[in-house]
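Each structure below is given as structure tokens.
Both complexes shown next keep chain A, but they swap its partner, so chain B is in the first and chain C is in the second.
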Partner chain A sequence: MAAPTQISRFDPFMSPPLTSRKPNLSFPLFSTSFTSLSFPSFSLSLSRPKPQTQRSYRHRVHASIRKLSESDSLPISKDPEDLDASIPTGAGVYGVFDANGELQFVGISRNIASSVDKHRKSVPSDLCSSVKVGPADTATPDRMVLQSAWKSWIEEHISATGKPPPGNVQGNYTWIGAPPDIRLTPGRHVSLTIPLEELIDRLVKEHKVVAFIKGSRRAPQCGFSQKVVSILESHGVDFVSLDVLDEEHNYGLREKLKSYSNWPTFPQVFVGGELVGGCDIISDLAEKGELKALFQK
Partner chain B sequence: MASRGANVVLSRANRMRQTLQSALEASVLELEDVSYQHAGHAGVEKGANETHFNVKIVSPKFEGQSLVKRHRMVYDLLSDELKSGLHALSIVAKAPKETGS
Partner chain C sequence: MGVTKEDVETTLTSTLKPTHLEVVDTSGGCGASFEVEIVSEQFEGKRLLERHRLVNTALAEQMKQIHALSIKKALTPAQWKPEDKAQE
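Presenting the complex of A and B:
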């Protein structure tokens, strides 16, 4: 059977954040400061036929939101000062198209115009050329309605083109922004009630893939860390990261981790609680095509 | 340490070469000092040299060992250097069978 495609979604009002969804993770010292973004992943099976009951159910739930192919296309203004009055400010589904008319990203929003405006400011302008909108017919639609409309737009696009919009593929952070780095403590003034080593141990066992890097994930401060982050992201790996140079929030981590892992350099990548290696090993595995298998274990 | 005096005059590269060669019985041992590529980046002291190396080793001792194990063997051998200013290594560690020659 074909592996399910992992899809991630821009969903501004869905919480709780990633870390607290797992029951054993409500550990007060890990602050990830997720704001309004979350990364639910859907397994859309491309090969399995859909049961009839599910189809009729879907029809009923979002009969109010039109199909992707039947929705109106609106141009997105290039001028950052120019607010698009034509884009509705209400809730609904939207799909952003690039300059070549290719669908790049499908999102849901409580305020479509504002979401599109945010994308326009954070995403290269040639990727944000026009938008199709599927406004909901009520001011405060149920979240399920929007989610199922989002899902059916994605499925409609997959059945038309064979693949999900690039911005919705898990690990692509162009549209939804990379998750922030995990911080071990709220600040240096906080004394740990648990030994740092145990904290590291819990962290690497509770997250499937953990990368300890120099600098933040969005701005690594070392070429090797940068390379590891880009390899992991380009392989769509769902991972959390920690900045070992952040002495304010991760005080002592850098030295303690070296002894914990018996590995003297950074970056370090853990999978399932085990050290896989640093930049050389990750690059090596990526070249041999063995990375995917490792992360699917 | 009897070799203390000798260490002072030997460069780090030469010390590393000797250590690795004698412990790993390497059939290939290439060391390249790439410190200039990393001069002044985070965590490296100003004016420090011989901080970053590319190492390529082919050794029968790597036979049957995982990549992590092989890298650890190299790191362990060079632990004194890592404590005294060696900052990062890029390691290619192969067993003789894997070199394809």
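Presenting the complex of A and C:
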């Protein structure tokens, strides 16, 4: 069963795994209003006046960051200092290639060298061999410029190969890190203002797919939870997870959930506010090819 | 000593009246985890979730000591093909 080929957008303000989830606010941004932009006087776009500002804007986008195929390939050094010296430390888009020269992931960054270094540390080394960079031509590029360039690079790759880079397919978290688990409270010192059961009820109805697992999504602590996470991710399912073993943030969840769902074990997967089952049932549905239909209801 | 394989078999037999039942202790005899394969008319007209619930409910007492219960098959007699099993 092939995974869906939707492209998951890498938010430039979200850090790669194992770092703070706070958005990077140290870089000021231009307004995204087209009318606020001023084009350089030498720009080729001015020689052919366009009736719509938006078209001129898009032309500028392509002019400011070079194409994937026109970018030079740079080796990814294990030494952070060498890496900083050879790879631009400014903002832009970049594409990471494996040892066979296959494009694995296209990302957006405010500091390309820093992002590549983080990938180097967290991604298997055979996937992270060289990089092509598309630095922005200003220190503080517009967000839309980066996103448009990112999209252009991926589309360029799809045109050439027929498929998106593996790392950018929805559900593949090798490069961007799985989303953090949901926590019911900031900590055990904070008391709930509503009954835990009501909180659970709101949670499973607020999110399309909720998985209550043992351990975190990034590090499940039992084989059954690991298997469910793996199945959901390989099917490109957009789900949220809660760690029932997290006594600090989810105190009492484990016992309360058993009575709420009338199900004694974990993991438990809810879809559309209703329990679908545990590892056996999710595995069974996946084997029969019935999983996708379930999540599309 | 935790739950025994015989405990699980006896309980499921008396509650769900299976026409076929196979229980495997997957914890190497410790009684901590089991795999169950069960065929029963009581599963007729019930979707998979409810069938698993019937098994969970039947084993409610044993579940307090079992770390992991894996229900590999929960079928009606009409769904079950005995020839699939070499040892039957």
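In this text, the second predicted complex is superposed on the first by the 237 of 297 C-alpha atoms of A that agree within 3 Å, B and C clash if a C-alpha of one lies under 4 Å from a C-alpha of the other, contacts with A are read in each partner's own complex, and residues count from 1 in each chain.
We adopt the following convention: a contact is a pair of C-beta atoms (placed from the backbone, for glycine too) under 8 Å apart; a residue touches a chain by one contact, two chains touch by 3 or more.
On a predicted model such as this, the values are computed, not experimentally measured, just so you know.
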Touched partner set for A:Q221, first chain B, second chain C, both or neither: first
Touched chain A residues, chain B compared with chain C: B
Chain B versus chain C as contact partner of A:F212, first or second or both or neither: neither
Contacts of A:W153 with chain B and chain C, given as first, second, both or neither: neither
Contacts of A:Y260 with chain B and chain C, given as first, second, both or neither: neither
Contacts of A:L245 with chain B and chain C, given as first, second, both or neither: first
Overlap of the chain B and chain C footprints on chain A, listed as residue numbers: 222, 224, 262-265, 275-281, 284
Chain C residues touching chain A - in the complex, by the definition given at the top: 48-49, 52-53, 56, 60, 63, 68-72
Residue ranges of chain B in contact with chain A within the complex: 37-38, 41-43, 67-68, 71-72, 75, 79, 82, 87-92
Of chain A, residues touching chain B in the complex: 214-215, 221-224, 245, 262-265, 275-281, 284-285
Residues of chain A touching chain C in the complex: 222, 224, 262-265, 275-281, 284
